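Labels A, B, C and D are assigned to the chains in the order they are written; within every chain, residues are numbered from 1.
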Amino acid sequence: MDSFLFLTIIFLSFGIYFIPNRYKYEYTMILLLAGIWVTSSWSIQALFLNDLPVSIDLHSGLLNYDFSLYIDKLSAFFLLAVNFTSLTGLIYAYKYLKPYYRIKYPLSFSIHYFSYLWLYLSMSMVVMLQDGIAFIILWEIMALSSFMLVIFNAENREIMKTGINYLIQMHIGMIFILLAFLIAENGTGIMGFRSLKPYFSDHSNIILFMMFFIGFGLKAGFMPLHTWLPQAHPAAPSHVSGVMSGIMIKMGIYGILRVVASLQSDLFIIGNIILFVSLISGVLGVMMAIVQHDLKRLLAYHSIENIGIIGIGIGLGTIGLAGKNDYLCLLGFGGALLHVLNHSLFKSLLFYSAGSVNHSTRTRNIEELGGLIKKMPYTSAFFLIGSLAICGLPPFNGFISEYLIYSGMFKSLYGTDLYTASILLSGIIGLTLIGGLAVFCFTKAFGIAFLGQPRTNKAKHTEEVPFPMLFPGFMITTVIMIIGLASTFFVLPAFEIVTDLFTIKGLDQSELNIYTDNLMKISSLGGIFILTVILLIFYRRYHLSSKKVSYGKTWGCGYTAGNSRHQYTATSFADNFTCLANPVLRSAKLEEKIEDTDIFPKKRHFHTSSCDVFKDYIIEYPKEFLLKSLKKIAVMQTGQINHYILYTFLFIIGALLLTYFELI
Amino acid sequence: MDLNVFFSVSAVLTSIILFSGNKYATKIYVILYGLIHAVFSVLSWTKIGKTELTYFTFDSLAVLFLTILSLVVSAVIYHGFIYVSKDETRKYNIYHASLLILVTCISGAYLSNNLAALWIFAESATLAVAGLIYHDRTKMSLEATWKYIFLSSVGIAIAFIGILFISMTMEGTIYNDLSFSSISAAAYSAKPLYLKIAFLFIFVGFGTKMEIFPMHTVGIDANSVAPSPVGALISAGLVNMGFITLFRIYGALSGSEIFGWMNNILILVGLLSLLMAAGYMLKAKHLKRMLAYSTLENMGLVSIALGVGGKGYYAAVLLLILHSFIKSGLFIQMNLLYRKLGTNKLDECGRYLKIFPPGALVLIIGTICIMAIPPSGLFLTEMMIFQALIEDQKWFVLIVSAFLICCIIYALTIRIMHVVFSPPRVDLNFIEEEKVSPLETVSQIVFFAIVIILCFYQPVFLNDMIRQSVAVLLK
Amino acid sequence: MINYLTVMFAITIVYMAIAERYKVYARLLGIQGLILFGMTLSELNEIEITNLIFISLETLVFKAMVVPYMLNRIIINTKVLKVHNEALSGFYELLLIIISLLISIFMAYTLKSPYIDTVFLTIAFFTLFSGLIIIVTHRLIISHLIGFLVLENSVFIFSMAIGNEMPMLINIGTLLDIFVGVLILGFFGMKLKPNIDELTMLKD
Amino acid sequence: MTGLILIIFSAVFFPGIILRTKSIASGRKGPGILQPMKDLRVLMMKDSVFSKTTSIIFQIAPVIGLASIICASLIIPFANQPAFFSFESDFIFFAYILAVGKFFMIISALDTGSGFEGMGANREAFFSMLAEPAFFIFLATLAMLTGYTSFSDIFTKFYITDSDFIMIFSLIGVYLFIQIAMIENSRFPIDDPKTHLELTMIHEVIILDNCGFDKALIHIASYLKFAVYGSLIYNISVPAGWNIFLQTGLFLFIQFFFAVIIGFLESFRARNKMIKNSYFILTLTAISFIAFVIIIIITGKIA
């Protein structure tokens, strides 16, 4: 029954092209809700009700590949996350897309909604499919549909370029995955994740793993492979960036987890590789985020950072698997999984808020914003909550997952050997730095964009976005708070998923009690914190009610004519950090020097810019070089017949020579 | 319907058209021809394995390609009517007569079981297509026609020398005709050097038809200048004809000592074709030229697939089939685009989505299909080629071709997406004179739908046919 | 007899490499047609009547008369008289042709077989290569045309080298080839007059 | 419970002792030890003036700052009595909940839209970010040494591990905690609370616009923070097994001693140049790293 509904959704999705423009949104929403209903029921079955995975036959016997769905606990977990984020994204889109109805053509909307629906369908099927080819097909459809979503504003050539850059990188990733699957298939005769275990048990693990890691890492955005991320997210409409950053990049994590679960040897090395890459992603990601002025690009770099945190968890888990350290394994993978969920929540929340800011101010440059909290209180509150959560601060959800990863590391330190100890310590230092830098970054982002006085007219004349754009914020905030305060209900299933996936010995009852106890204590401390705050606020209000409260200008050290231009800017806020990190960030300043002869200095401009070292040196320059040399090859079509004949002639002679010397 | 009936009816219809004084009459004759061709190809399914008129055998590959040709031709005829509707009667008739000759020659070439007969049909097809390329009577079309005729003739001369070398190997044997079975039987004992030279010359010579390195150059010009429906026919019919030649000679020689050598040559040529295609597509400035280069790319892949063997054979045939549909659909679409935007130059095209939404949608789908990204069926063939390469441990070829494919996809998307969405760099302020009906996109939608469906579901009969076609290689 | 003819044929080709005027080309092609006729006459032992008609049609009529005549017409019409060796000077062309002669001898020797006349094979290869070289080294399309006609001659010699195993098919092939040659000539003569060396627009 | 009372008790006297030490060191008689408490009372009674630029963030930030330090103090054990809340890796919660307070103080500074306060906010964020690793590395060292991961367990078991190097850790720990406390509270040598130039201030410049009740809350939080760190110093330097009365005495003594040290430091030392601060803080990280290396050596991982 359910499978029929699912198939119906797939077929009905094509109907978007035939629905009148006014009802396209509603149509999409109905299909999405139906999809969510079906997949959620499957995943709840798999996650909570059954011990066995759920198998769904999609009646695909006619087709070439096995499209039947198979939902184990891991799939179910990802499915739920996909469902939630996709739903909030579509709700948010309702009003967000309204202004475009006047300037865009119905077909654009058809394509957009169709792609959105298929992004959802492909994501949910990617985590459910077992057959390799079917997986790859859906994987690429996912890339394709997200590409179509990114280029919603494709009239802008820059956005188009960004989108294509994204598509190509995704395609390269897909080729890596495909080749890896094919190599495994060549060894075992099975195509898909099922083939990996037998393959890994009698082949070298590390090469194939690296291929998978590159393929999936491109989607996830690990550091040297991240370059599409900071470009694509600002280019996309905000609900799309929210969904992409929130959950789509996690599909890469899903793939990596599946591969890691099949590994048989070389685990320690692989764990180290993952950890190392993740540390770089985490630390550099947040460092680069700090110097960004574009709100959405800043958030995009934070996605890289958070992928780094997830990767740290996975790396630690793998090291734990290698050393038969069940604690580390459980906490590492468990933390990573939970962080996947958490990040999908707060990152989408942040992107939606950033989108709302963009929606009402028409700018994403935080240097042009300021004082939004008075005009857009709800949006600001959501952004604040998102910021606190992404910094991993209690009592929000981000803390829980980071706590798990930290605690795995701290717990494993005792009695380990030198290597593991140093690795764990580097993990600890990395996470700490990430946390500190994230606080630095989000105080900057929130403080400059939402607080103080409006820096430009764009920020001055704004208003709060309509309720449908705020509603997802309420939904997400609720879940964030539930995870933050009732973490037990989320951490224990995550542990169960890990034990199920990696077939390790689960926690016995006493250990389970310890964890429940820990989490309960964190929850109650969080509760106490909130209570204290509320009590203090009420006391403060009571206290101030008896005092005279007056309002005046901000203290200006005697200077009373200060205006909004005297405020600290984002650049200056980041300045001391930028100085310290310049070898990595290579930010450039363009300033006009004041000459000695300038008695009355004229108006001057000052410009700072930052570059992404990885993007330049690993992607851009080699890409430019390759494209240039390829283009150089293309001088043969001269338009002259004699040249054309010459090629033929030379080819024949060359082939004959090669034949004569038996080179081919 | 027997083959002789088909040929004679075609000849009669062609001559009637040449001398008819009425466009409507011509139209009816052409439609009649299209129907006859369709009936002929449907009936040919019942005659698989039979030989007619000594020189023609209905084998699986030929029947398969014939059916595809029928499908493509029906679209080509329909769009051709629109394309030439404003021409004077004489031009109109010449166009259609050439079209008929071309289709008949291609069909004959498909069915030939004899190298010489195949060669003759190929040559005639060249002449017929030259007439079609020249249809627009512009400077460009003159140049393209000249180059096409000239290079094709040189290629055909070279191929003929190759055929002569084949017949040299048969001197002193009991085989004294150029049928492929005889060639194959004689090849067992033949001197390898002769076979190598023969294969090399034939391969290079027919490269003009198949649009493969090193003789791809004219195909590009012809495709970009010819009327779009003809472009569709070239890339679906003529290219397949080139392939069938290559395939038959390859199959005939596959039992001989030079099998490994041939594979190496094929892979070398395939890689070079990919390289050329990648380089040119990165700097293409003309939509139709870019599509022509994409044909070069796909033929390079076919060549690699043949060279690798194993699953590659199947992949090669499937790729050809899918490519016929996609490329002809895209070329037809190019005509609609031209009529809407007044140009096919990349710098002057833009905002297609706004100007002609159905066409833009079709163009996007077509681009996805030709890029071999799922859900395009081409993806399967690409995957099979990779599979075969991995099985053969040809890592270098694998890496290089995967890389070049990525470059090509980059070039394709960036151009076509800009055409669809972005404003043009140079604004022509073109005002369309004639309306383009959205119904004109139906043929392309059907073609692309076939391609997409084939990604998920290949009917058993198709599977069997392809397997039978390549069975000769898998012995 | 046959050896003298082949040597003469080779000499005409070498002369072509250093020819300065198109008229010379036309004349040389005519001479080549005559030589080919002589070669076939002396080579074919038993001559059927149909074959004789075929061969004389091919060589005497087409190669020795029609082609030079049409070429002459084209030359007069287009007023392109001098061969401009823009790509390579005549010296290098000669050099290349001599090298190709060496290669041809070498190849024919390598391909030696009891069923094939090595002399014919040599001259066929030589003609093939020189035809290609003439096309490659010239820029004006009228030279390409001449190169192509030389190529046709080489095809003819190749078919002679095989002897008479499959005369009919090969004769048809040769005839079609020549037909194409004439068609090209005609097309060229009729259509390409005014813009004889501007055909380089189609490029990337 | 005892610990909490002791912390609050010492927090009451802590700032006074610092003040007193400083004045004695500079040859003045100085105010009474309870003078800061009296100041608090004055602040509480004052009316409030808020900048028109500020928003609700500015109003709730002091409250959250205080609440965070209260929560943090619930994790601190005393002697062998476990804290209110003790769980695995609770020091992570400790560090992060303090960060919450800091986060709000920083954004409340930015909320005023003042150039000065932005400067201070930036420095606060930057320096505390740099100080985090030192704290965590040292706790990792302790975790590795004892095999436990909560404050209570670590400090109870710390002296039970019969290691000869225990004193070294104790000393390093005391040093590190003092320095971290100085950074966290923006004291010498990072910052000088008594400076008169806004351009060089860190913590003081952040609260330039706070007044009255809010400022009192900020002060309370700051005093409590001192006491909490003092309590950590006590815990690391005194074995948990000793008599409870002795412990209480020692606790008070160490808190007193801590305050005196701060007073003396502030009297006789010059504050760092702003640019040197980052080096200084990184040195702390290096020191805690040395501690980690030592633990590796003594556990025999490096021969």
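The working rule: a residue touches a chain if its C-beta (ideal position, glycine included) is under 8 Å from a C-beta of that chain, and two chains touch if they have at least 3 such contacts.
In this text, all values refer to a predicted model and were calculated from it rather than measured experimentally.
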*Could you tell me which chains are in contact with chain A and with chain B alike?*
C
*Of all chain pairs, which one counts the most C-beta contacts?*
A-D
*From the centre of chain C, which chain's CA centre is farthest?*
D
*State which chain is most central when centres are taken as means of Cα atoms.*
A
*Return the distance between the CA-based centres of chain C and chain D, expressed in whole Å.*
99
_Centroid from C-alpha atoms only, then distance chain B to chain D, rounded to Å. What do you get?_
78
*Compute the distance, rounded to whole Å, between the mean C-alpha positions of chain A and chain D.*
36
*Between chain A and chain C, tell me the centre distance in angstrom, where each centre is the average of that chain's C-alpha atoms.*
69
*Return the residues of chain B touching two or more other chains; collapse runs of consecutive numbers into ranges.*
147, 150, 154, 193, 197, 280, 283
*At which residue positions does chain C touch at least two other chains?*
135, 141, 144, 199-202, 204
_Going by the contact rule already set, what residues in chain D reach two or more other chains?_
none
_Pairs of chains satisfying the touch condition_ = A-B, A-C, A-D, B-C
*Parts of chain B lying in touch with chain A, wherever the complex brings them together*: 147, 150-151, 154-155, 158, 193, 196-197, 200-201, 204, 207, 213-215, 217-218, 220, 261, 264-265, 268, 275-276, 278-280, 282-283, 351, 353-354, 357, 360-361, 364, 368, 373-375, 379-380, 383, 386-387, 390-391, 398, 402, 405-407, 409-410, 413-414, 417-418, 420-423, 455-458
_Help me check something: in the complex, which residues belonging to chain A touch chain C?_
634, 637-643, 645-646, 648-649
*chain D residues within the chain A interface of the complex*: 44, 46-57, 59-60, 63-64, 66-68, 70-71, 74-75, 85-90, 92-93, 96-97, 99-100, 102-103, 106-107, 109-119, 121-123, 125-126, 128-130, 132-133, 135-137, 139-140, 143-144, 146-149, 198, 208-209, 212-214, 217, 278, 292, 296, 301-302
_In the complex, chain A residues that touch chain B_ = 17, 62-65, 105-108, 111, 133, 136-138, 140-141, 143-144, 151, 154-157, 160-161, 163-164, 167-168, 171-172, 175, 178-179, 182-183, 185-186, 626-627, 630-634, 636-637, 641, 644-645, 647-648, 650-652, 655-656, 659, 664
_Applying the document's contact rule, which stretches of chain B touch chain C when the two form their complex?_
116, 119-120, 123, 127, 139-140, 142-147, 149-150, 153-154, 156-157, 160-161, 163-164, 167-168, 170-172, 176-178, 191, 193-194, 197, 221, 224-225, 280, 283-286, 289
